[in-house]
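Presented below are the structures under discussion, each in the form of structure tokens.
Two complexes come next, and they have one chain in common, chain A, joined by chain B in the first and chain C in the second.
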Partner chain A sequence: MSYVEIENVTKKFGGKVALDSVSLRITTPSIVGLMGKNGSGKSTLLRHICGLQLPTSGVCRTLGTDTAVLDSPELSRIGIAHQHDSLIGWMSGGRLISYVSGFYATWDTALEERLVKLLEINRDAGVATSSPGNRQKLSLLLAVCHHPTVLLLDEPLSDLDPIARRDVIDVLIEEFQGHDVAIVISSHLLHDLERIAERIVCLDAGRVVADASLDELKEQYGSNLDTMFRRIVGASA
Partner chain B sequence: MSREILPANLVVDPNSGVPVFRQIVDQLRFHVASGLLEPGEELPSTRALSQELGVNPMTVSKAFVLLEQERLVERRPGLPLVVRRLGHDAVERERLDLLRTTLEPAVLAARQLGVSATRAAALLRQMLSEANE
Partner chain C sequence: MKISAYYDLALRPMAFNGAFLFMLALMLPGFMPPDNLAEPFFSYWGQEAMPRAVTYLLWRETLILPTAFGIVAGSMAASLRGVALAGTLPGVRRMVSLGTLQVMVVVLLITAYLHHGFGGHPLAAMGVASVLYAAWVLQPNGIQWNIIRLISTAALLLWFKPELLESAASAASLPIALLIPVSGAWLLTMMRDPAHLRRQALSPLTPQLPGWIRRADLGGIGRLSGAPNGGGVVSWFRTAARAGVGGIRSQFVLVPAWTAGFWSIFGYFLASPMTFMIYPLSLFSGSLRGLPGSLLYPVSRARRANVAYMCAAAFSLMYATIGGVTTWLMYTYTPFAGMMDEVPRLRPPLLTLIGVMTIAMPIAMLASLWPPIPEPTDRVKGWSMRLFLGVVVYFLCAAVALINHHRFMGALSPAQSLLVFALLSVLSHSIFLFILHRIYARRDLI
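Entry: the complex of A and B
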């Protein structure tokens, strides 16, 4: 089973190189943590995995299909929560949930109900006027309730309070435990990331500067992810 | 008879430089050697423990595989892992192994400080008797 195959992908925006010869393969169910400084290419990489952006050169395949031609069979098995959400603002939370759920045959209403309770999502609140944290919870719910096989989370914890962050981590653990899924999660909150990520990919200026299991990295550096991050990114600068 | 108490006795720090699976293995080994976990006692499931600790289930599963390889726990199809009954010698060896690991930094410190073996041993004996009082 191949969840994600990225081979030698370069992405240029005009003259700016956003991804520079990036390769990444995810072939087993796993939780992969993506770390890197601002502008290092994390979001661009996630958008490549779901076909929202296409490589300038190189090959990008998700669930075995070239991301340029991803269609319903694959897209219905991908979930993504964007860093800056593009939720439909004029809807209420509840209306948006029922709208999005209609696109997925595998939508799990029991899970939806549980997440609404756990994350204290107000179905009646307007999306546009909700706080960033509440929109982030909604994005997460919309990304996971169809039990995607590839789940992409771009900074899903950044606007949440510590209690909600732990709740979201518990949701991810449960989702990961029960299903055939590869989760790629980008985060600056390394304390949270190192609870759940078993593999760490570190980007710096569009290049992969580290890709190893978290346990290996810990035994190699003998430090937590925070210190490791400073050393890896510092060393490559 | 898996006890609720177990996860409470298991404290992991995901933000330490020591891999979480190693923290779990070390603590469970200690609990088995000290008798806090008795033979026949069931361990929580991978799912329960990973949720309790808030860590990746793969991490817990890796720890359990290692404990199984060390023959401290026994896997039974479809049932929780159970603490094995170790022979008296095996328990004693395990205890001494753990104590040795704990004492290694002390030995290093004694050498660096130039404290003689006789004096270091006497200090240990004295501390042990103080702890017993």
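Entry: the complex of A and C
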């Protein structure tokens, strides 16, 4: 089964090209790290994969279905945590969890409880008045608790403290690695990405400038992702 | 930086509320004199002897106009001055000060125009209006002195005792008029003071709305009553209502009740039948929204379009029903209908236009059998606003047609009229649903 198939996708916002002939295929369960400078198109790519945005040209399929016509069976198997939280601000954390959990027959209450405890999520706190870090934790919980087959995480670690970051990564590895799940995770925290990503896709100005396994990239560009990132982006400039 | 940038801010949310307040200011204050409801306001226009009720009206208008304009202009200025690094924008303080002063000139001219038309005290009224306007502009801009609170409180008290203002104006019109340059200078000095700008820029959350509006936020009303069920359009419609204000009950019972209560109390004190019109208009602020684009609801785009249609149609049903009932009440229990018959002879033109629009639009909605009203906010990019404007144009066309209904509907029997309305309704609903499906099929949801 193909998780994600993107063929020559171009996305334009007015005159600005956000994605430029991007192609990407994820056919095996894996964790794909998405790297790139600010504005390189990472978030746009993730939103295309789940169908929230549609390509100007090209083909975008997720779980074998064109993203423009994704229906409940496919969408129930996709989870996304946005970079900037897009939660319903007036609700409390607990109310939002109960609201979203109702959408999914596969909602894992045990995982929900575990994440609430592990990430110290306050169910009674208002979403709008919570700190960015706590909103990010909530967003992450809402994205993973229905056990998606395609999990899209847009900068999920950027507002978390080091302990929470480590906990999140541990949960991702434990719950999803080795299962029938494709995770695409974008992050600027390259050391954290290095811990979990098996494959790295690097975007620059809306184009894919590198797409290979972590080992291959290390061999080609250097031993760590920092160096690798500088060289890839530098080489494409 | 051009001064046009200041006016561009009119598109900001506060400006929308401001426009609403402006309409409120023009229409509400004793549209019918409080102690003589049987006699329309406009019948006094141009008469030499000004009844006491009209004097009350004039001074209340003198209080409410600068308040409404001041809140709008002050909030617009605050939203610009409050952005990060506002202090580094070239000429920002000068341009904002000049912008607020220009608006003040407009306020004073309108005030003077009204007083002149009714044989009041234009100079004194301008003096009173200038002080009040300046106070309301400065308040959201980090300048909250006791004197400003004093002015606001005095204005509120004078609302109930406008005869005091009339006496003062009769006795000392020129000294009161001297307040105009004093207010202008006060405004200019305070708004250009870099200390106030810095203080405001330090605040990370410059309010877009006045505090009383934010405190009255309806978002907290209602509770989630169980988890939404997946599946049909109806259950997703309930889900959309839960995301909005907590549920169907909140949307269709609590919010309208809250709004009705508010406007009933307001209308009682103002003794103005126009509050009947304001009530359905104000319900726009609590309109039922479709599924927010940001959450990844496991529901197809086509079904989302149906949910959006259902939300709009359900809201319109409620809106048009309330609008229809209030319109009927106005026609039955107020002299408004008689006044509307006099439309061609009414003065001044601006008030006439607003009066016609407010009475005709709900009638148009009722007569069109609830054509759907889309959400007037930008949840799914700019198309939402365009669609909203399209429906407004439709309403206006229908309103114009209905104002002249004697000409073209008089020949039809009631059954034929009903058939015309039914066809109009089916047509508008079909077109609206078709457009929604096209939009949801092609556009980004976030």
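The rule is simple: the second predicted complex is superposed on the first by the 236 of 237 C-alpha atoms of A that agree within 3 Å, B and C clash if a C-alpha of one lies under 4 Å from a C-alpha of the other, contacts with A are read in each partner's own complex, and residues count from 1 in each chain.
The working rule: a contact is a pair of C-beta atoms (placed from the backbone, for glycine too) under 8 Å apart; a residue touches a chain by one contact, two chains touch by 3 or more.
Just so you know, these numbers come straight off a predicted model, no measurement behind them.
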Which superposed partner A:Leu115 touches (first chain B, second chain C, both, neither): neither
Partner chain in contact with A:Val100 - chain B first, chain C second, else both or neither: second
First (chain B), second (chain C), both or neither touched by A:Ile173: first
Which of chain B and chain C A:Gly222 touches, first, second, both or neither: first
Which of chain B and chain C A:Ile80 touches, first, second, both or neither: second
Chain A positions touched by chain B in one structure and by chain C in the second: none
Chain B contact footprint on chain A (complex, rising order): 30-31, 166, 169-170, 173-174, 176-177, 191, 194-198, 214-215, 218-219, 221-227
List of chain C residues in touch with chain A within their complex: 217, 219-220, 224, 226-230, 239, 242-243, 292-301, 303, 441-446
For the chain B and chain A complex, residues of the former touching the latter: 14-22, 46-47, 50-51, 54-59, 62
Complex interface listing, chain A residues touching chain C: 47, 50-54, 68-72, 75-76, 78-80, 82, 86-91, 95, 98-105
